[in-house]
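Next come the structures, one after another.
After this come two complexes, each holding chain A, first together with chain B and then together with chain C.
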Partner chain A sequence: MQPSRREDLRLIQGTGHYTADWNQPGQLYGYVLRSPEAHADIVSLNVEPARAFPGVVKVMTFADVEAAGFKSLVGGVAPNVKGVGDSAMKKPFYPVLADKKVQYVGQAVAYVIAETAAIAQDASEAIEIEYSQLPPTVTVEDSLADGAPQLHADIPGNVGFVYERGDAAAVDEQFKRAKYTSKIHLESQRLIVNPMEPRACLAVYHADEDRYTLYSSSQGIVNMRNQVSTVTGIPQAKLEIIADDVGGSFGIRSTPYPEYMVSLLAAKQLGKPIKWVGTRTDSFLSDYHGRALELNGEIAIDENGRFLAFRWDDRVDLGGYAGGNGAFIGTNNLTITCGGVYDVAALYARTRLIYTNTTPISAYRGAGRPDIAFAIERLVDQACHDHGLDPVETRRKNFVKAAQMPYKTPLGTTYDCGDFAAVMDDALAQADWAGFAGRKAASEKAGKLRGIGFATFLEASGGGNTPSDQTAARFDAKGDVTIYCAAGASGQGHETTFISLFAKELGITEDGIGYRASDSNMAVVGNGTGGSRTLLGQGSSFKLLAQKVIEKATPHAAEALGVTADAVSYAGGSFSAGGKSVGLRELAKKLASAAAAHPFDCGAEGTFGVTFPNGCHVAEVEFDPVTGVAEIASYAAVDDLGNVMQPTLVLGQVHGGVVQGAGQVFGEHAVYDRESGQFLTASFMDYTMPRAATVPLAMKWRGHAVPTKTNLLGAKGVGESGCSGSLPALMNAVMNALRPMGIDNMQMPITAAKVWQALQASEGGAAVRKAA
Partner chain B sequence: MYALNYQRAKSLDEAVKLLGAEPEAKLMAGGQTLIPTLKARLAQPSHLIDLARVAELKGIEVKDGVLIIGAMSKHYEVMTSAVVQKAIPGLANMASLIGDLQVRNMGTMGGSIANNDPAADYPAGVLAHNVTIVTNKREIKADDYFQGMFATALEEGEIIIKLLWPLPKKSAYSKFEHPASGYAMAGTCIAQLADGSVRVGVTGAGSSGAFRWTEAEEALAKSFSLKALEGLKVDPETCLGDLHAPPEYRAHLVGVMAKRALEKML
Partner chain C sequence: MSKIEMTVNGKTVAGEAEDRTLLVNFLRDNLGLTGTHVGCDTSQCGCCTIHLNGDAIKSCTMLAIQAEGADIVTIEGMAKGEKLHPVQQAFTECHGLQCGFCTPGMIMTSAAILKQTPNPTEHDIVKGLHGNLCRCTGYVNIVKSVKRAAEIINSGA
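For the complex of A and B:
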């Protein structure tokens, strides 16, 4: 069997190049000593016993990074983003190694470097640290309480930022005229991101050129290099970053971690490469965590069932510091589409960003967008239930209509295109929405509780803070070509997609085309992989690149054909004029020389706008009331992702997103002990990952393309839509099954134990128990 | 993992000798519990004595109405052995529910029983089938063997050689998997022994490890029917409560699993 992606054979056969696969002669090994305390003052720190350990070369603490002039790790909102009353975000200094105080279990305190990884770890146990425990707070609730422990002396009340967007007064007006209102409180619980490849790095210093190389897993080198440079002071031009294969990222590999910075520093100071390979435990404790949002929504509806306004008051758990993209998620991403697919008169959202003694939060598949999509669709469903409105027709009535596109929301976001009603109808037909009553009756007969739910959602994809996406083509001495961009793949299959796209655009076969991402020597810049943007950004740029190659080659073809350039036409991989033709490949080979750059070498760039992938996911969930166990009885989705280039890869993205959504709905939960602040779910023994069998094998999906004009491919993003659709669809199905039992809200994860307990306490549950 | 010395015993004698030679030596069977423990630096043995090549600990056979299973029999062997499938199909089924394919291909019955994880599956079977554990020193009855979470009657220097499973009339096991670990959140094994007596072993739920559910045994001895289990409940006070489930839920599941195991036998 042929693998369906170019990268599969390499990855499956173990010949991929993940970070831990890199080695350098003479390398030393680092080990991070982490805080066992959630909140404590470091009274004393004596690393001498570790230093004296045979085989130990160096032990680094805050003093070392301070002496090196290291800055705070990067995080928080952009400086131009202001909060209520024009306030700036309060960001504590986030030291690479802890200074005087630790704010969460797992915070890096010291870095031991030794001849072997085992020695480094052994020696770390000899470090003497005296902690003076402080009471911790591990939930936003506790951080906001009167007399709550204070994490940072200069941030009283632990509130880092209060952000608002929209028109509060206009929303109030709409609520005054509303016939119906509904509200909902939802938690999008803290998750562990758990990429398959744990974090690692290898730092090399080239003394002769005063230059560094950092091997590390990343989603794109531009952000990585930028932030490493900001923190360490190493000029970007002197920092090469290499990431080949990356085993999953989901958002948390877009920015650097402390280990990378201290390794670079040690590599220079010791003149030897430093390798650090984290364990799964390191991942649980010190990878940025995801989600950790609390959403409180209200909806105003008029007497005709028309939605008037949404009001949000959300709380965002940042963790111990503002790191990664946590603050961006809690401000921009939670609010940018907070009216969803609905045409409403007014929108208002306020979010509060709060510090807790927990691992800092960053992006996790969707980064706030699945969370707000989930909240909107749960709220709409709740409102339909509260007021006896039909969930399908009410949604239809309130959609932004295809004819209204481009549509500007009350917040100023412009949806360029979409046909939400058509997508919904397509999805409901695929799911046999109309036949649900029969299936429910059959379940009931078997003693099961069955519910159906759906969600019509939209998300913003394709943003990015690098102004343009660049690509480049380099032809070698054989006339083969390698194409480059800055976005790193972590399982998406960029190599397959971009080579295919480039070859198709040129009308040539794929052999002899190579692909490389994240090669900082190429000086190609562009956004990292994230926000479901790589195909529409870098892909569009590759399309331009192919055209550039043709442009570059045309004069040479003209010369070869003995005509002027304007007489030459290009099609199907060949230039022709007057009955004669020459192939692009043939020409590339002829012009290749080892001595000089190839004349076809070129670059392309472009800036491509935000797109609004949307969809309708329909789920049915069946509960065994005896045990509380849930099963996803069916799942059928329709997504408008614009034009689809690689159907298999798109399906893989949808499946993966839905599985991660199902993981959050039914199992995943990162839990801290409220009293001690200890992290209770630091391994797979206690952290419930979704399994292949969590979703039905017969999951249905189809595309419903409404191509966008905001990029050259007509593509919208797909990477995160699976989460945005599955969270609300599954939870609406869960509530549809449980509401008749007298259960009106339940927070994720919907574990069997929780459902059973709720049924024990509910009236409906008592009836079911009797019948069973 | 702390540095340690690895030794491979070639015979039971050698294993006993090696174990006796070092106060901090530890046996290794499939390593499925031990190695994660070592990697987490929760144990620091000076020597590891690998039992993989000890022939005396291997083999599965039926003799005189007893299924004899060598301590080093892997879960996968127990699950696929034609001898086990014929003699005690419920045990083959139990083995098939342990962990995943990789774990079953390494983990052993002796290792599991020696470790006595409160959520491991075999202890429920050992109790229900009134198994005898044969060591290099003595024979231990199931009822005397389990002594609370991770605690057994095994003494220093004692090695499990084999387990003697008296052939029951019939038996069955039903397991409710822990959503994260896949171990038993509650697992109930019911065996109707050759003499007609009924034993019920429970794992996963008890706050001091696997236990026999005597009320259920008595009820089933009177009437081997689903009706007999109706209204019977394990006392939640004796059950584990944690992050994943309160004691009441585990107590409830024991009853549900008992019914489901019994359904397979009727």
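For the complex of A and C:
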């Protein structure tokens, strides 16, 4: 038997360590009381009845976090990012526990600590809170309306930020000379990220050393520790964060949450460890939500079918506060590639970031990149339809050509490499694009509506907000080595990938190599997992680390071989000179001592650039016109991910990403009631998650690598490409099936009810129902 | 508080729990069997699936006290020493897990599917997995794993 990954053996036997699996002697349990109101003043708050509850140890409110000097939760654009007219983002204070007012259902109001989790929850019901309801606004449209409810006194009109990028005048010029124009309005609806492991934490205070340990899932230690420290004032050096196994992240675990901060405070004040385990309801209400973007695009095309310009006017629903990475997504990520794979003369994008009485948004798989890829490809498809242009040849004509690389977009973004036409041709061949008419006829015969769609897209990966990615190697007394970095895995298989990469680079076997991520005791910094960047960032750094180990070992090898260092060469795990050789391992073992640091110990670091994974995904969708039920009839994708290190794991990422996209297209939708502001889809009974029966199990995929030079591995990253490809490919297929029925735009999710209703209302629908 | 006794992974175990304690919490908190996970509070996700008297059940949907005297197998009891259960083996061979949080439940459900349907069709598998959610894998490799497990079991390996 060949296990796919090192991680698997513990995870398939139930011996992994997720956050809720940790316990400490004497621990107490926390329970968060959340706001049941969307928008309300807290008139009075009496926690005494809960405090008096048998088994309750403490009840915390805003007064406690205020007394502790807690700052606002961190969010918003970086201070150097300016909006229209050099404006700064308007960011309200986001309290760890609500102060005087609540801004969304689920906002943390009080924290009850008791001897058991059940007692804490029971006691929370005894807290007396009087809310005075205010009218809520749960959509961007309502927040912008005249006389809209005002969330924050100092943010009139609820507009947090107006951001623009590109040259509006140049775009206007291009639209003036255009022969054809098209426009589209699209919603990338609010989603619940829903990693399967609910959030949890265990906070420990070590009084003797005035130090803290926080067990908590994360995507990387640097951001987490930095933000916990910013909010709580605990110096970073005194805060250890431990995350072993993490049950999925998809963007929402890159920044800390209120429960972690109050638990740390309580752990110190009570001198006891505090454990909090969130329920799925907590996840729905209080994990940062994803997407919640509205994209309005226009395209200008000349008489030869050449694209001249794109213009975007997007609206971003921030939620009640600026939290997590919501503002970054709504500015940088939505605009950085807003011309997609196309060579155009001018680009302009404006985005408005709006507050609503909803849970704040942050990153969800792709974090704005799938959304803009989706919008571009829907718009291009719409334009081809509007003006009778061939979707394949029109795209080909307008691609940035391989020969134009590196290509600087009108926004100043540089695409380093790629061969979009070759990728498209490969994908269309794999999908048998040419044979669609036959499949459509067969579907028609069976009374079904079949559509085909594809998308050629790219996204920016890499980047990150920590300037360099560091790695380190530590050899132990047996001469075994552990390698370290600061990115946290949540299913990507870093342990497998990085050990294999490091061993290959050194030409040694993998035994005796260990891997640790986000170890606070190592002063290793680097970016968290996100932006499809860990392989290209940390992976490149591990490659450097292997070279560093060889450098460190060379003088010792020379000594062992009785020659000078420059006479030694290294290959296949051994140093050799003049017919004699010594193995790296053997030498490491010989020099190991329990008393001193190993002479081979070393670190490496590097800064690796942004690159552009790209691909072409092709989908076919079949509708039953009688019920409106959709089925993904086929799915075939080709991705240029640069060099691939672990094909099995990469394919797993593609599957997961494509299906998360399919989830958004066909079912997922976080819905608030417009009148009351209540959250209507706060459980798996109300929120449609993709299930085994609803996904394209026969998905075809192949890689088409155009390696990048922006990092040492030539890799471009895979985490987000599945979503970026599947949203537009599936939606173009949906529209291709429905347009002949007279349905010209439909917003996601494409539920059976919505399709059925639209078909009822359309003439085409009536005809095809009759035929079926 | 009641004293509850049951057989778990072949051993007789006992513990004290409140009447309202869910079986999953009894397994995790009293017995320290943290391989059984809690992924929801509405009986939807299947992360908590175990075998009770031979059937796959959701241990979050039963009180501990209802399992008095039952014969329970959890994920920790699937391998026989070093030898993995064929379903465990198939999941790792086919890369049927990423974060692994859904995996114990997926394995327990899959083993039950195969017990009832030794040669399942794809339809049998996806129907059988309807009560188990996975956010990472897109299910493609999970379904592959169940097929592979059937092969291993049927070949008598």
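What we mean here is this: the second predicted complex is superposed on the first by the 770 of 772 C-alpha atoms of A that agree within 3 Å, B and C clash if a C-alpha of one lies under 4 Å from a C-alpha of the other, contacts with A are read in each partner's own complex, and residues count from 1 in each chain.
Here is the rule we use: contacts are C-beta pairs under 8 Å (C-beta built on N, C-alpha and C of every residue); 3 or more make two chains touch, one makes a residue touch a chain.
All values reported here derive from a predicted model rather than from experimental measurement.
S.K.: So which one touches more of the residues on chain A, chain B or chain C?
M.R.: C
S.K.: Considering only touches as defined above, state whether A:Trp756 meets chain B (first), chain C (second), both or neither.
M.R.: Only chain B is touched by A:Trp756; chain C is not.
S.K.: Under the stated touch criterion, which partner chain does A:Gly14 make contact with: chain B (first), chain C (second), both, or neither?
M.R.: second
S.K.: Is A:Met689 in contact with chain B, with chain C, with both, or with neither (first, second, both, neither)?
M.R.: both
S.K.: So in the superposed three-chain picture, is A:Val671 touching just chain B, just chain C, both, or none of them (first/second/both/neither)?
M.R.: first
S.K.: Answer with first, second, both or neither: which of chain B and chain C does A:Ala88 touch in the superposed model?
M.R.: Neither partner.
S.K.: On the A-aligned overlay, A:Ala118 touches which partner chain: chain B = first, chain C = second, or both, or neither?
M.R.: The answer is both, since A:Ala118 touches chain B and chain C.
S.K.: Where does A:Thr681 make contact in the superposed view: on chain B (first), on chain C (second), on both, or on neither?
M.R.: In the superposition, A:Thr681 touches chain B alone.
S.K.: I'd like to know which partner A:Asn194 touches here: chain B for first, chain C for second, both or neither.
M.R.: A:Asn194: touches chain C, not chain B.
S.K.: Quick check on the output: what are the common chain A residues between the chain B footprint and the chain C footprint?
M.R.: Shared contact residues on chain A (touching chain B in one complex, chain C in the other): 118, 279, 281, 684-685, 689.
S.K.: If we count contacts the way the header does, which residues on chain A are in touch with chain B in the complex?
M.R.: Residues 118, 121-122, 279, 281, 626-628, 667, 671, 680-681, 684-689, 751-753, 756-757, 760.
S.K.: Which of the residues in chain B come into contact with chain A in the complex?
M.R.: Residues 1-3, 39-41, 176, 179-181, 243-246, 248-249, 252-253, 256 of chain B touch chain A in their complex.
S.K.: Using the touch definition from the top, list the residues of chain C that touch chain A in their complex.
M.R.: 18, 20, 28, 33-42, 44-45, 47, 74-76, 78-79, 84, 88-89, 91-95, 97-104, 107, 122, 125-127, 129-130, 132-143
S.K.: Would you tell me which residues of chain A are touching chain C in their complex?
M.R.: So the residues of chain A touching chain C come out as 1-5, 7-9, 11-18, 20-21, 118, 194-198, 245-248, 250, 277, 279-281, 490-493, 648-649, 651-652, 655-660, 683-685, 689-693, 695, 697, 699, 722.
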